[in-house]
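The structures come next, written out as structure tokens.
Next, two complexes with chain A in common: one pairs it with chain B, the other with chain C.
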Partner chain A sequence: MTYAIETNDLVWSAGRRANAFRLDEVNLRVPQGAMYGFLGPNGAGKTTTIRALVGLLRPKSGRIRVLDHEIPRDIAQALSRVGYVPERPHLYPSLTVAEAIRFHAAFHVRWDQRWADDLTTQFGLDRHRRITALSKGEIGKLMMLLAMAQRPEVLILDEPTDGLDPVVRRDVMMALIEYVAEHDATVFISSHLVHELERICNWVGVMDRGRLVAELPMDAFKSGIKRLRVRQAPPTPGDTPFVVLAREASDGLSASEVWVVRGWQAPMSQWFEGVGASLHEVVDLDLEEGYVELLRTFRRPAA
Partner chain B sequence: MFEHIDPQSPTPLYEQIAARIRVAVAAGDLGAGIALPSVRQLAQRLRVNPATVVQAYRALEADGFVDMRHGAGTFIKAVAGERRSQERQDQARQLVRELLASAARMGVSPDDLRHALKDELGAAA
Partner chain C sequence: MFRQILFTQWRWGAPLMVLLGILAIAIPVGALSTLPVTPSGILDRVAFWGWLYPMLAVLTGLLIGTSTWAADHRGNHVYALTLPVPRWYYALLRYGAGVVLTVAVGVVAWIGALFATSGLDLPTGLQTFAGAVAVRFLLTSVLVYSVVFAMASGTNRTAGWILASLGGLILAEFLVDAFGSEVNILETLAILAGSAGGPFALFSGTWMLVAI
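Up next, the complex of A and B:
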């Protein structure tokens, strides 16, 4: 098994209407041991994809494999090895923290009570407090605790730090890093906090409008997308050794144009001389900028 | 030593971490036999993927800067003075490259740079 999570032409539809939301042939490849950041704007299909991975939605067609288990057929075996933090917590409000932990533990054969205890202390959770009385941050930490103490090989986290303050977010991330360091687990994490993913993830997948529009190692993603400042650019560039994602007149103050390109490598600067243009600047983009530029092109009506 | 690790930089995080350690060795801040933080400790401190720290340590091992002893940890190797000065020269070259790139962006000519550098070096001496 090379991939902890793999989907082949995964299709799902919210209904029969032609304009119903659908996942359109999603092919995910999450390598074993990766920390995979799953990006996309609201409504792109991240949560829908995740719900299909954990067997909560039945695909219309295509194939899903999690740790070599066929989903949804072998969902029980898969879920015994997968920790899942849903977008909206599903805890019984009348239970106390200790009761919620015990309830959850009963479903998992590999439950690590010692670690659950350690984390309860580390997260500063009051064992006797009822779920209804917990703050949003405390709920977030409890959800992570429940997912990790079952000692999963794969953690699937749907916006686990959404709406949490920076201190809680840091606590949660530190615990996650500690878990991964000890167990070599694979982590599949969706988040709007792109900078947070930029720090910890080594793979990136980008969803938009039900499609997976990019999937590659973080370093490749970041080094491949550049903003170029070009002068005397030919109106129709013809064959470029890189993919031009966007091309626009500069701020109007200078004669140069701004190009956003994908698949950039330094020797390609020679191409500009060949077409009589000159390349003035190559600007590196961080994950957020690269991601926004990428989406911009996928959203432009096909030329 | 790891204060300015920048996840938004185009330089991969593992390279940034390895570079910090190389600089510290070249400067003589990290002597032979000193143990580096464990992978887990450093990953938590920097809030990065443990695999990133492993990658940094492996790169340093390949360069002959550290020794990864299984189960015991990662230790700074004795680095010859010659190698340390080589490393400092590499770092100087890197600084100059960054300076040249910024200068080109701002339209500062090589002559302007030479003058400024001479002035500043004179002032520092």
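Up next, the complex of A and C:
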């Protein structure tokens, strides 16, 4: 498999103090052509990782490769093939929409002016309006327009729809999906909106406290995490063919427990009979529930 | 690319540029309107107004130099740093655009000087130096602009070092004074910098539009 983005033991620290935030040996593998959802709670290190990917932060150690370019060494070459939408608006406020587009176009050799014009109309952006006079949604749309009209092979989007209303969010996501379908681009997108990523992404990576705690295809992530209702569960499960993420007594039924497990497959139900328990229910978890359970497990202190 | 950089710089510096342009015309016009009759009276008037030229040149360099990075500073340089050009090249484009704007003010100063000196009926022995003053103005403003640009391009740490160095000099001056020494560090440095061969020698020359 070839990777559009790859990091090896990426380490970055916000300072020298022992409690300073750090990225801790992050090993990302974003396959070429993937829609990669980058999840994590606030302060998990998503934006920091992204800033390192686009050369805004210099790693303390480890290696970053974007489209086979070493970052930060070959950052200019990499950025000519990467569209980046930062978490906060970064455009020059005194420019109008048309001027901001002209400015951005001047730096990108593969700039598609026709598509930029189409998107300007599609997004309902007033070309003569100053950036300072644009709403948050309009700025979000303009930043997406700039990132996509440069015809990048990789789009790195840091919460591009955060704070946008559902209509604007849908417009932006539709344009993104259209772009990816037409150009077979790789998308690396971070978001708090788990359901949004669930719909469009085929890969998922989860960050927590500066570490990448999971990275796998979306299907595997979703199908592998289940909630089980178990009766007569053994006090210590011993060797299980799956990973027990959480185990709690069920409401009202003292003999019943709810288990959240990872790596579940249907034939594993036999294991319960072998230990004198009975499995009553297997519930699929959606991405958000799976993500929350994963973080809960990761954060639980070791026994 | 350069055109766009120049345009953005013009966009956020236009009011300043207009103000500087007006002042660059106002100085020679003010200096040479209703001149006294005697040569010494004329020279006194021109000298009185002449000191405004270096002030304006410094102001031009200072304002254009500080405004060059203003929009980038506001966005923490994220936009500039994520454009697909080497960072040194981007800085060079910004510097070049600032020089063009600084030169534009210099050209306005030259036009103003030419306009004010054209058709002057001067006593014998006096002549105009519109071109010389304009060139001096231009070089001075570009010099100040370059220094300010270099300082503004640096990191906070660099700015800290510069401030610490200045603070160190002032402290040294204070200590030398406290111990009763006759040495005046700051004055000596200023004289060295402003004298012939020093980096700021341009400031100490003649800024007379009309001279002997």
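Observations on the structure shown:
Rule of thumb we're sticking to: the second predicted complex is superposed on the first by the 299 of 303 C-alpha atoms of A that agree within 3 Å, B and C clash if a C-alpha of one lies under 4 Å from a C-alpha of the other, contacts with A are read in each partner's own complex, and residues count from 1 in each chain.
One rule holds in what follows: contacts are C-beta pairs under 8 Å (C-beta built on N, C-alpha and C of every residue); 3 or more make two chains touch, one makes a residue touch a chain.
Computed from a predicted structure; not experimentally measured.
Of the two partner chains placed by superposition, only chain C is touched by A:Ala76; chain B is not.
Of the two partner chains placed by the overlay, neither chain B nor chain C lies in contact with A:Asp126.
Of the two partner chains placed around the shared chain by superposition, chain C is the only one that A:Tyr84 touches, whereas chain B remains out of contact. Of the two partner chains, chain B is the only one that A:Glu281 touches; chain C does not reach it. When the two structures are aligned on the shared chain, A:Arg102 is found in touch with chain C, with no touch to chain B. In the superposed pair of complexes, A:Gly33 makes contact with chain B only, with no contact to chain C. Within the superposed three-chain model, A:Asp9 lies out of touch with both chain B and chain C [touch as defined at top].
Looking at the shared chain after the overlay, A:Asp165 reaches neither chain B nor chain C.
When the shared chain is aligned, chain C comes close enough to touch A:Tyr92, but chain B does not.
Counting contacts by the rule stated earlier, no residue of chain A appears in both its interface with chain B and its interface with chain C.
Of all residues in chain C, only 1, 3-4, 7-8, 11-12, 71, 74-76, 78-79, 81-86 touch chain A in the complex they form.
Of all the residues in chain B, the ones that touch chain A in their complex are 7-10, 12-13, 39-40, 43-44, 46-52, 104-105.
Per the touch definition, chain A reaches chain B in the complex via residues 33, 35, 170, 173-174, 177-178, 180-182, 195, 198-202, 219, 222-223, 281, 284-288. Residues of chain A touching chain C in their complex: 54-56, 76-80, 84, 86, 88-95, 99, 102-103, 106-108.
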